[in-house]
Each structure stands twice: as C-alpha cells, then as structure tokens.
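Below is one structure, written out as structure tokens; comments come after it.
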Amino acid sequence: MSIDRADIEKLGELARIHISDENAQASAKSINEVLALVDQLQAVDTTNIEPMANPLGARQRLRLDEVSETNRREAFQAIAPATEDGLYLVPKVIE
Amino acid sequence: MTWETVIGLEIHTQLATKTKIFSGASTEFGAAPNTQACAIDLAMPGTLPVLNAEAVRMAVMFGVAIDAEIGLISSFDRKNYFYPDLPKGYQTTQLERPIVLEGAVDIQLDDGSTKTVRIHHAHLEEDAGKSLHEDFHGMSGIDLNRAGTPLIEIVSEPDMNSPEEAVAFAKKLHALVVSIGICDGEMAQGSMRFDVNVSVRKKGEELGTRTETKNLNSFRFMERAIVQEVERQIDLIEDGGKVKQETRLYDGDTHTARSMRSKEEANDYRYFPCPDLLPVEIDQAYVDAVRASLPELPEARRARFTDSYELSAYDAGVLADDVATAAYFETTASQCGDAKLAANWVTGELAARLNSDDVLIQHCPVSAEQLAALIARIIDKTISNKMAREVFGAMWEGEGEPDAIIEARGLKQVSDSGAIEGMVDEVIASSAKQVENYRNADEAKRPKMLGYFVGQIMKASKGQANPQQVNEVLLQKLNALL
Amino acid sequence: MHNLTLAELSAGLGAGEFSSVEVTRHFLARIKRLDANYNSFITITEEQALAQAAVADQQRAAGSVPALCGVPIAHKDIFCTDGVRTSCGSKMLDNFVPPYSATVVENLAAAGVVVLGKTNMDEFAMGSSNETSYYGPVKNPWHTDCVPGGSSGGSAAAIAARLTPAATATDTGGSIRQPAALCGITGLKPTYGRVSRWGMIAFASSLDQGGPMARTAEDVALMLNQMAGFDNKDSTSIERDVPDYTANLNQDISGLTIGVPEEYFGEGLNPLTEQATRDALAELEKQGAKLKSISLPHSHLSVPAYYVIAPAEASANLSRFDGSRYGYRCENPADLRDMYMRSRSEAFGDEVKRRILIGAYCLSAGYYDAYYNKAMQVRRLIKEDFVSAFNDVDMIAGPTCPNPAFEFGAKGDDPVAMYLEDIYTIATNLAGLPGMSLPCGLVDDKPVGLQLIGNYFDEGRMLNVAHRYQQVSDWHSRCAPGID
C-alpha cells in the first residue's frame, strides 16, 4: 500500500501536524519506503493467531479507591504556557 | 401517513467512586478549578494509569442489576482525538471488550403495559474535563477536575418509539443506578448525560437515517430535543429532503439543537488497545459476590410495596422506582402509621410541589418525619385534608413543624358535637324554604340536596367543622323533620 | 579515578580512599572539560550533585549505606527528574521542568547515588544514531565522525568517554544495546515489566523498558539491583521479587546451553562483526557452555512488525504534547487548531513527525486490520519462536548490531536503512525478553557487541555469563583513543 500527498495531508490533520508544501513530497516518499518495509507482514498467514498486546500476557491490577493525591495546582501551573484563576488558557474553543 | 420514531440512547453515568478511574485524585464535585487534577489527570509526561477497583465493581453491579452478561475479560482502548478538555489526546474507553454485555430493562408505559428495552452493552471510560467559555481575553479556560472521573456509558438498542418511552427508560435507569448506589443521580451536576439517536420511518419501512443529539442533561431537555428532532426529520422528508447522518449539539439555554459535524466530517478515532493497561480479568465468584451485595432493586421493592402496604400497582410504581422516594415514603408510612394516606401524600401533594419547584426529593424542604407528623393530625381528626394542604404549604415555605403551624393559624377542626349540633340547628332554622323542598322531594333526590346545608354550615364554621360529623348530624336532624 | 568501575568506586568510598564530593567534583570537571567533544549531556546538575555527594558522605560516615551511596551516575533525559529540566531530546520539552520524578530516579536516589546530569538522546527516543536530538548529535568517543548509536547515545558515549561510571537508559527496539555495542560498553534491557516505566516519558508503551549501562556486567548488576522492582504506579510492572543480581556473577557456566540463531548470521551482517561474535561464542564454549544452532523463523518480520506497533503507540503517546498544559506553545496562535498544528509542527523533529504520521496511518479507518492487528499477530509468532527456542536452550547469543558505528549522515535520507540497524535487537522488545550487549571486539577500531538474550526474568544468568566472559576478555576495559 502506498500513500499520496492527499493522504499525508489527511494524516497531518488527524495528528495535528502541519505538512508544508515543500515537505509533502519528501514526507510521502519516506513514509512509503517504510510502508513498503512494513508490507512484508502481508505475506504471513496469521489465521487464528490472537493478537498479542502485552508480551507477558499479564492481567490488570486494581487500585484501592482511596484518595492519594493532594492539590498541586501551583506546581503544575508554574510550568504551563498560560493560566488564569487556576484555569489553563487555550485559544477559544468553538464547536 | 403514519410515521414511526425509532430512538436509541447512550447514557453517560458518572460512578460514585471516591477517586478517578485511573488516578488517586478526588472526584468530589465543586472544587476550585484544577485542584483535583493530578499529574495523571493532566497527562503529564511519563505518568501512567492504574485502574480503580471500585469502578470495576460498580460497573459489574450495574451489569448484574440488569441481568446482563458480564465480560469476565474486558479491556481498554484508546480513542484518539484532540480537544482541550482531553489532556492525553485520547480517551481511555472500552470498545472491543466492554465489561457489561447484553442486558435488558423493562419500562412501564402510561397505558399500564410493560416494554422491554434491550441494552446493547455498557462500558467503562473516563470523563473529560470542562471548557469554560467565558471570555478570558479571547481565550477559553480549561478545568480538568472532572477529567478521569469514571463513567459507564450505557448503550441501548433502538427499542424506543416515542419521546415518552425514551424518558421512561432514562428515568428507569436513573432510578436503578441511584438505587444500587453507583451514581449520585445529580443531573444538574452532570452525573447523568444523554445522547439520543433518532430516526423516523414510515410504518413497515426500513430504518431511516439517524442523527445523534448530544449533551442532554435533563429528562426535559431530552424529551424536548427528541420531539424537535422528530419534527425536523419528518418535515425534511415531507418536503422532499433527506436526513443527513450527523451529530447535533443541544443548547440547554436556547432549547435548540444544531449540526456539529456530518458523517463525512466524522473523526477517525484510530482506536487501538491501550498498552498502558492490561486486560481486566474477573471471575464468576467475583460476579456472584457483587450480585449477592445488590441492594433491593426497584422491581422487587415495587412488589413488596404492593404486598405489604397494599398499594395500587400505580402508586407502588411511583414510590418504588426511585430509591430516595421509596425511603421517604417508608419513613412517612411507618411514623404516621397509615401507609395508604402516606402514599397519597407522597404521590400527590408532595410530588406536585417537588415537580413544580423542580426539587429532588433528596433536597425536599419537608422531611419525611415532618410529613408523618402532619398526616398524624389528619388521622386524629385535628385537621381536615384540606387544612392539611394549607399546613403543608406553610411547611414547604419553612414555617416550621405542623403542630406549631396549626396552632399559629388556628386551623384546629371543630369536632365538638355540641357545637356542630348548634350550627346545624341554626342553619335549619334559617333555611325554611330549603327544608320544605327537602321534605317534599323524592327520597332519591334528597342526598343531592344536602350540599346546600353542608355548605352553609361549613361557611358558618369558617371551614373548621369536621365535615364527616356535619354530615351525620345534619342527616339525622333533617330526617327527624320528615 | 574516572577509570574506576562503579564497584571500585563503591569500594574506595567504603574504604575512605576518597569522598563522594571528591569523586563528584572529579567527574563534573571532566564533563566540563571534555563533553564539548561528545555532546553527551543535555543538562549538568552540578549544584545538586555536590549537595547529594555531601549528604552521601555524611551518611557513609554515620554507618552502613547501600553499595551505590555517593557514587555518581547520569540519567538519560527521558526520566523525569523533580526540579530538573527533562527534555526527552526535544524542543517540545526544552522548557519542561517536571514537579515529580520517575520511579527509577527515586529508587536510585534512595540508594544515595549522585546525579551528574541528564544525557543526550534521540528525540523522544526515536532513532538509532542520536542524530535526531534537538540538542545536536552525540559523537562516538571511539571515532567522533561516527554516531554513538541511539537512542541512549548520550548515556553510552558519556560512559565510554569516562564522564560517568554508569547511567540509566531505555530500550524500545535496541536503544540500550545498540549504543552500548557501538560505544564499547555493557548495557542491559530487562524483561518487560521488571523496571517501572512511571516517569519515563513514553515512546511505545508495550515495548519501552528502562535499564542500566556501565562498563562492566558487575556494574550493570549493581545498577539493576536498584532500578528493578515492582511499582504499583505502573500497571505493567511485574510483582516479583528482585534477586541480588551480583550474587551469582561468578557462577560456573559449564553445562549452559547457548542457542545461536542462524537468522542472526545471515545477509547484511558485517563479516568482521560476525568474526568477533563467533570468537566470543568460542570463548564461552571454552568456559564449558554448549553452543547449539537454533532457528527463530519469524526474525525477518520483527522490523516490519515493530515499525507498525511502535509508531502506532507513539502516535497516541505523543498527542499529549499539544501546547496546552506544559512544554512548547507556538507564538500567537490564531485559534485552537493553529495552536495544535503549529506547536506540534514547530517543536517536533522530522523523525518524530514521520513516526506519528505512520502510526496514525496504521491505525486509521480501513487499515487497522491490515497493519496494526496484523503486526500484533506477528508479534505473537515472534514471541512463540523464542518460547520454543527456550525449550531447548538456556540463553541465546549473537551479534548486537550488523555493523560497527557508521558516520554521521550515512543513513540520513533512508529511514529504512537506519531501521535495519536494529534488526537483531527489536525481536526481544516485541517478545518482552531481556537482552544485553557487552563489548566483544573491535572492527576497524570501532567496538562491536555480543548480544545475550535470556528467558523471562533471567537477567541474573545473563549477567553471570557476561561477567564470566569479562573475566577472560578485556574489550570492556579498553578505552577509546585519546581518552586518558
């Protein structure tokens, strides 16, 4: 499978990465090279093979429902780009 | 042309855990912005989720309460999209293997019949934060206290055919999750939020294109939104148009919905299994233990109310479905000693006031104990039902205990037979013409003629005469003149 | 002093031959004097290091202390350090000072180590050459025209240049073992879940694993003793006791069966690297190990599977870097979308962007089954190869990398050629197995490494084999030319 410039732009939109006109070509080329490598997977018969998400097949451990966190807003917001009245500020959210 | 409406619901229910689904930060409502958003909730780099055992237990509890199959192995997936209230850039949810599988809920319709609404599944997921749109120099403010609050999203099959059915279903689920203690049910705080999928079709035809209306956080909004959407779709089709598959957003201020995005613009969420969380495995013994710990369900309570309090099926339904109403009723009934009267008051006067003032019974200004004390004064004939309504009104306004109000307003009913006899004699003496008519009337017509005399007597007593006694004495004296 | 191993420094501190403050000053001075040649550090934490050293000296004077008390190390700049900038090699986090520390950092701090600074790395650990760092490439101390390997190139180069006796590192597809091999040091990637990932900035969550780097297997064991352990903050952490990894270093290895996978000696392997590897295997044989040829038939699929799984996970893991709450935000964003687009485009480098796009593609509607799901199935096949191999052998050995260090820019335009440098290391990450690299020779005066792959949680035996090899070889103690 290979992707073209329009695909790259669509992916850029999904991933919120701007693809400049001058980079689109090179981007598509290098990504297609990687996809060609990855396409070797298609040759393998994986019928009835269960996908493996965790190498050890471990199970989720559960946490007790006890409050363990304290208010550290000041420390967290000290490293934020923009805050006011305890809120994180971002450009206006319009739906 | 008859149209059929097809409705399915997705209900986001906040679980009443103490902490977030994946962090140890508090979920308490109303804290100052971002004071309950810890490093995990803020998606600080390198932080990792660990699943809250209580969220799992509550989800399973919901599952056993609706007799659903439980996913003994469930798992979490990442749903990827960018939004400021979603700090990780993905929502951790359950797509492939939810914890609650097919189940069903019965709803009672107004005509007394019962309808089964199937539950497709319910899954665990994390809530998002909140964007505050007040103007901060042209910016939006983000509060992430709510981010990571555990939710179960309950997804119904499209089994409802009217706004009323949808509301009945939503109320039923509300009553259920509150009854079993997994949700506080505070709709105004967003503890339960509805997305409705609506389509219309002509009877017998295939399913129409559906729209999804999001962001409905009250039963009324939901009902209005469905009514509006059904009308919109029918108008559209009758005008030769087509319904577009789209997501619509309901605005509770203007009571209108508008298109948010069409199917073409729909996000590609790129779901995949969350590698930071492992499959959740529970065994049958765990499920059985949760089942054994289930409190009384509304259904069972309804049966008990009909049996032990001899209530009508209708009253039992109204009182038993909501756990807070049921508790209120049972306290009132046991303290006043007359379940039937208690039921009449809770379903009548009390329900009407709660409804007109839009107050939850949890926040009712008149306690069950106070109502019981009021009903006790009806039983011991201190006051009439009519007077009791006046006293209740005063109690609602916070004027205090019923006895004090009765005293202060001089509302004691006159049950002194001597006084009543005197009043009856006076009225008979001053109503010679009416007495004459009564005597000459057919026997069958006489009872109807009593009304005049009773009215006069009650007027003379300023409404305080015991109406039952007045009736007895009057009848006795008039018949003596025959 | 800088030629002493961690174990020797610990012994010297214990014997009172020198103080931690003296050792710390010595290494700090070396870093300041020499690191301009290698660019192996992003941040030097001089003040903190000296304060930690002073505390360590007091603790030592007061009584018994852990072995590593007062010994200086460095942390890869992927581990969050409370109050110290943690950049992950990216412009995105150039201004990021976390108010919390990684569990690995806390575990080592609890043992009393002194932290000299944070080491350079490929941006978000995406790279095999350290050329993708926002802070410029790290140079290989053996040959400064050549790459040190990546992504833990800063840690490896700093150790090779004797700027620190040991360092933490992480390995997602070979990022500990490949730079260890290329810089002539020893590094170990533990079993997945052995070392906590809390506070370690995620690249690909199901593959990432922290581990130690040092010059000798003994030092690696000392480090791992402190780094390993269950952490209830990491759901994938394994609840299992940590053995003393130094306890069995000297154990006899006769009778041990070492599997030699034929797939690791095929086309693409530099013949001189092959020779060095075979010589090392012969040495192990001489010590009584039995060599057995084995097959890992799905080996050729590990790079393709990896370049679906790792980018897919990374594409989601890196979504949090959106300019909202920390890190880089572009100037004067016009609207929300503009803030996302420009913050991410301006602050992520090309390789990171490429992998995010590949990941998004592999997960997008219509391609999930063909790519992501398929890769996860192949991942199981790869794991099963190892599981069945370990029915017959106790350990697996082969080359760490197909070639010694290459020159800067050699693979600049060809991501696939770069990716294939990790061809022997990636499978262990996919399977979650422990792997390590130890120096086993020089090819064109550049180091090459022997890779050991153990069964799950068999780090102790791998360290034992490595240590025994290092008792009869001196590749690990050789010094890059020009380093005194």
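Which chain is which? They are A, B and C, in the order written, and residues in each are numbered from 1.
Rule of thumb we're sticking to: a contact is a pair of C-beta atoms (placed from the backbone, for glycine too) under 8 Å apart; a residue touches a chain by one contact, two chains touch by 3 or more.
This structure is a prediction, so every number in the text was calculated from the model and none was measured.
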item	value
Closest chain to the centre of mass proxy, which here is the mean CA position	A
Centroid-based (C-alpha) most distant chain relative to chain B	C
Separation of chain A from chain B, taking each centre as the mean of its C-alpha atoms, in whole Å	40
Centroid distance [mean C-alpha coordinates] between chain C and chain A, Å	23
Interchain centroid distance [CA atoms averaged], chain B/chain C, Å	58
Multi-chain contact residues (two or more partners), chain A	14, 16, 53-54, 58, 60-61, 63, 72, 76, 82, 88, 90-93
Touching two or more other chains - residue numbers and ranges from chain C	96, 98-99, 206, 232, 235-236, 315, 319, 322, 324-326, 336, 340, 360, 364
Multi-chain contact sites of chain B, meaning residues that touch two or more partners	39, 42, 44, 50-51, 80, 82, 84, 140, 142, 268, 270, 275, 277-278
Complex contact set, residues of chain A against chain B	14, 16, 53-54, 58-69, 71-73, 76-77, 82, 84-93, 95
Of chain B, residues touching chain C in the complex	39, 42-51, 78, 80, 82, 84, 87-90, 140, 142, 268, 270-272, 275-278
Residues of chain B defined as touching chain A within the complex	17-19, 23-26, 32-39, 42, 44, 50-56, 75, 80, 82-84, 131-133, 136, 138-144, 249, 260, 268, 270, 273, 275, 277-281
Chain A-touching residues of chain C, taken from the complex the two chains share	95-99, 191-193, 206, 232, 235-236, 238-239, 298, 300-301, 303-305, 307-308, 315, 319, 322-327, 329, 333-342, 344-345, 348, 353-354, 356-362, 364, 367, 370-371, 373-381, 383, 413-416, 419, 430-433, 456
Footprint of chain C on chain A - complex, ascending	1, 3, 7-8, 11-12, 14-18, 27, 30-31, 33-42, 44, 46, 49-56, 58, 60-61, 63, 72, 75-76, 78-82, 88, 90-94
